[in-house]
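Here chain A shows up in two complexes: once beside chain B, once beside chain C.
Moving on to the complex of A and B:
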């Protein structure tokens, strides 16, 4: 055998070894689908969740060591039919599970489509209880109305108030939450006035006036979205009802609200996972914050945190299923169901309906251009400024 | 009813070739079904404009009412889905009865009044929570059943159902247009006063066209709810059920019968399969530009443009 022949055979072996190694590496790159509204009415919240998903990919790929995740994103354009199409497109591209979804009307049909295709679906974008009542074993959700209700009711218990007026949008998530809160507060003997409003209205003065003159409640609870809060707080600032606190839920105790409406926010409460500026004490939190700042050069918000947590839980379940060789045999859903770990939003554990039974939100308060966590006491970063209103 | 050889070939291809070639591709099939849903509303909208001379911004009312009626009849009364779908259409007709007073209005006034009705129906669906489930809506709406072992709730099954529904609508539209009523309606379109002078009861004819259009939209809404299996007021009465069909009808040619269907399928598929893959966020911009170009260069829409092109080819041959 001459040298040329030897070199040629060595090269062939090396090429074969390389191709095998490449084969193994690509086999371990696991595809995950992200079905998210990046355009349409839910684009802003969808983009926030998408940032969290990207951060989760970055952190997982850096820390796992064995498996790598690649996310393929499909914009559902905030429309149910396109959410179904997005899931089916992602399935066609070979994803092993779906993360994402925003709005129960999109999540419902999309997760249904995923279930038909045998793909697990995890989300933090829909709190409608009917989503977990369908008996779908591939559906998982890390947050729910109960967690928001517990936070609102817990804060009111700490305030020791006896009456509250609830102003709520007739949209599904807000109406559900408002009615749940009313039920629980009434059961504790509190007087609760309910004031529904159509999502299209912008002038809240008639409702505030009614609360001021008729309800005469100690606190006002708001279940709505950004524009609603701004309208309610503006009306309250004009009419100055004699209340001790203005308390909202999602999209209120956020850095964006601090920056955009500094005159309306002082002492206002809203659900918040972290204070602002963000302080991360856990190793996972620090990894998240560092990766988030590296990718987006800004402070992480609650949407990013939810997107991150749901995706990390999913990626870890996929990795466990891959290790057990059950990836294509329903292993991801099985591993997701076994999840029990501390996360940025607290401990996550799913019941047999796929709902996170441990989810309890935290309440933050706008204080001097910052947001302090004021409830529960074990997570508090500041003292509640009570009574306190923006006017 | 006369159907040309080309027409028969297209129908045969739609029933046989599409399921055979694309049936295994869930993604493309779901896009086609979604496009046909838009096409169904576009056809009903164009019928009202073309024959009744009315421009409606409120077809989401009929779509939503049809969806709710069908969903509730199947969920609460246990009615078979296909019967419930037809009654969904009837429900939309009943809803259109309350709109009769606005038939006195013309042009933009009618369009805005009917838009207000759509909003009223949305509020009713939200507030009547004991029946409609309120803002939380209805989940797990029954799917299409199996028929002789064939799952109609699958992509191909759903496609065949909506295809059949649309063909029935096209046949009805053609029959109305070819009838004496159709001649009177078209005459009314040119001059309502002149038509009334020769003894045509224009208000009655316009009301009938409103009923037909409402029925068609209601049935499509009913189909959609059993296809999507979920319903809530914001979705059922969304403005998208008006804007997209109008765009599709104008793009395809709302003066023709097939124009709205061709427009819907073209606009939806081109947007989702081509523009979206090129520009994932913001692809609607290209669609908007294309629509403007179509209105400028072929105000009659795609169908007249295609016919002109085919006539030119025949002449050249």
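Moving on to the complex of A and C:
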């Protein structure tokens, strides 16, 4: 064996060692922060989103093969000041981006703090338009008021009704949605009665009575949360207004409502990504459903699906940035901005304000202990039971 | 319009009875010890979750949770008393901080045990409509309005006729003078905490039967109870009933005649107005003397 041969084989060995070392270095564990309300008034929705984030970690680490993600969770206690503190704490722990956030009033200051720290922030928990109007280049959102409005207005158009009463919580997201829906419905010539309510209200009978005796609308639209829907539907069951449909938005057409309030739900409509029992047709959907059932032993709900989608999009962007070596140079936000892919909630593509321009929700209806998608027609899994109310 | 107002008055009366039931325990402890138990709402909530447990796990009516709630909530109430009694200095002020902390601990314990999900009874019997002429209500609302009225009458009788009730009033009026009369203030204070626990137990089961519960709900209950206690005037049990009804009716009429978004605002405005015009409340000590 001559010297050249020895040198060549040593160089080959060195190259192999280097490539192995490089391989190990690139397969580093990437830290991601999850700022979520796990206590306080938003604990319920925050916990739902957290489940989706955990499922995303499970699926990403199992399927990526190169990078692994570790999520550090910080409870923002459903309070804006605590949300800022949570983001700052996560930044101190070395996270490369933030997923989570619930409530536009918490997400606003939290994403501002993340932006100042140079951390991309992705959410599905705040639909207020002012969040994207800020023009922050590190802020991304996969859902928005427009998507919910299109679904509600589309359903009403299919019903061909001429009048509606809107009962809405004075919270920012619900009030904005209600006003947007009113504007669009009024423009089509419909008569719309508006009834704002304080989130602390527990007795909805006086409002329902006004609709029954004064508005005399064909349908009632509800923009609130689970506790509000239960109160409204119970009041309506007592007073039995002469309406053709009860239509809500988020947190209503869910497996949880089917299980917990079966007597209140028949024929009630709400936004829903999937029918119940869930039918996942795509490979991504099946991966999500299997991991969700393995981790939580229950049917996935919309909060989990949104949390999963926002986190998977973020993890994939982080992985791409890591491959390009731009992780610490603003690469994650750049990769997020380039996102264009099919997900469980439809195609996701962000505009220059970080909003998902493709987001349109679907409408589901509670039918015989199940949820059928009834709008839009191309995604429908069942026929609309109209007119139909729970009483 | 008259049908709307009649229904608003009826809803307001029923809601007022519910408010009064929640506030009674707080008013009693406030009257006896000058301690504002800021964990009172969480005690009510604990009873509500007992009702949820009994209904969801045992398949029984929430009413069967009352004995279990009585044991648990009264035990917690006595524990709160012992912690408060450890305060040696500025008890009125320091007990606020202590009971606020206890409330946070209880809220998080409820969150850990029962999760953040919205809970309510699934019993159709409680939710069935009772219609009398132009008046509409759920059966549970009517049932617990009657229960609240009976409990209030019982409490009023106990305070004015029984030995322990008189002892509670004596300690409330002048602790040292009561001691000289052979009354053990400590025992009397424990009794008032236990009675507050009994009232909180009934209030909790009532809330579960006609409303919805969540772990973060306790604080809102305490605030509502505090408003009614101040409206009523310290130590006035009939005042609590009147204060509760006044608040319930004011809120229902606001929804009917103006906007439901103003309901809470009107409640707070009423609270401030009474404080401004009658600092001792509607039935407070000075008002009674007058």
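Here is the rule we use: the second predicted complex is superposed on the first by the 365 of 391 C-alpha atoms of A that agree within 3 Å, B and C clash if a C-alpha of one lies under 4 Å from a C-alpha of the other, contacts with A are read in each partner's own complex, and residues count from 1 in each chain.
In this text, a residue touches a chain if its C-beta (ideal position, glycine included) is under 8 Å from a C-beta of that chain, and two chains touch if they have at least 3 such contacts.
Fair warning: this is a prediction, and the values are worked out from it, not measured in the lab.
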Message: Going by the contact rule set out at the top, does A:170 touch chain B (first), chain C (second), both, or neither?
response: both
Message: Tell me the contact category for A:206 with respect to chain B and chain C: first, second, both or neither.
response: second
- prompt: Between chain B (first) and chain C (second), which, if any, makes contact with A:128: first, second, both or neither?
  reply: first
Field: Touched partner set for A:39, first chain B, second chain C, both or neither
entry: both
Task: Answer with first, second, both or neither: which of chain B and chain C does A:92 touch in the superposed model?
output: first
- request: Go through the superposed model and pick first if A:82 touches only chain B, second if only chain C, both, or neither.
  value: first
First (chain B), second (chain C), both or neither touched by A:29: neither
Message: On the A-aligned overlay, A:279 touches which partner chain: chain B = first, chain C = second, or both, or neither?
response: neither
Message: Taking the superposition on A as described, I'd like to know which of chain B and chain C A:198 touches: first, second, both or neither.
response: both
Query: Shared contact residues on chain A for chain B and chain C?
result: 39, 170, 198
Task: Would you pull the chain C residues touching chain A in the complex into a rising list?
output: 3-4, 7-8, 11, 14-15, 107-108, 111, 115-120, 122, 124, 127, 129, 136-138, 210-212, 214-216, 220, 252, 255-256, 259-265
Task: Give every residue of chain B touching chain A within the complex, in rising order.
output: 25-27, 30-31, 33-34, 37, 123, 126-127, 134-137, 139-140, 224, 228-230, 232, 234-235, 240, 272, 276, 280-282, 284
Residue numbers on chain A that touch chain C, as the complex places them: 39-41, 43-44, 46-47, 78, 170, 195-198, 200-203, 205-207, 209-210, 213-214, 226-227, 230-231, 234, 237-240, 256, 260-263
Field: Of chain A, residues touching chain B in the complex
entry: 38-39, 73, 75, 79-82, 84-85, 88-89, 91-92, 104-105, 108-109, 112-113, 117, 128-131, 133-134, 170-172, 174-176, 198
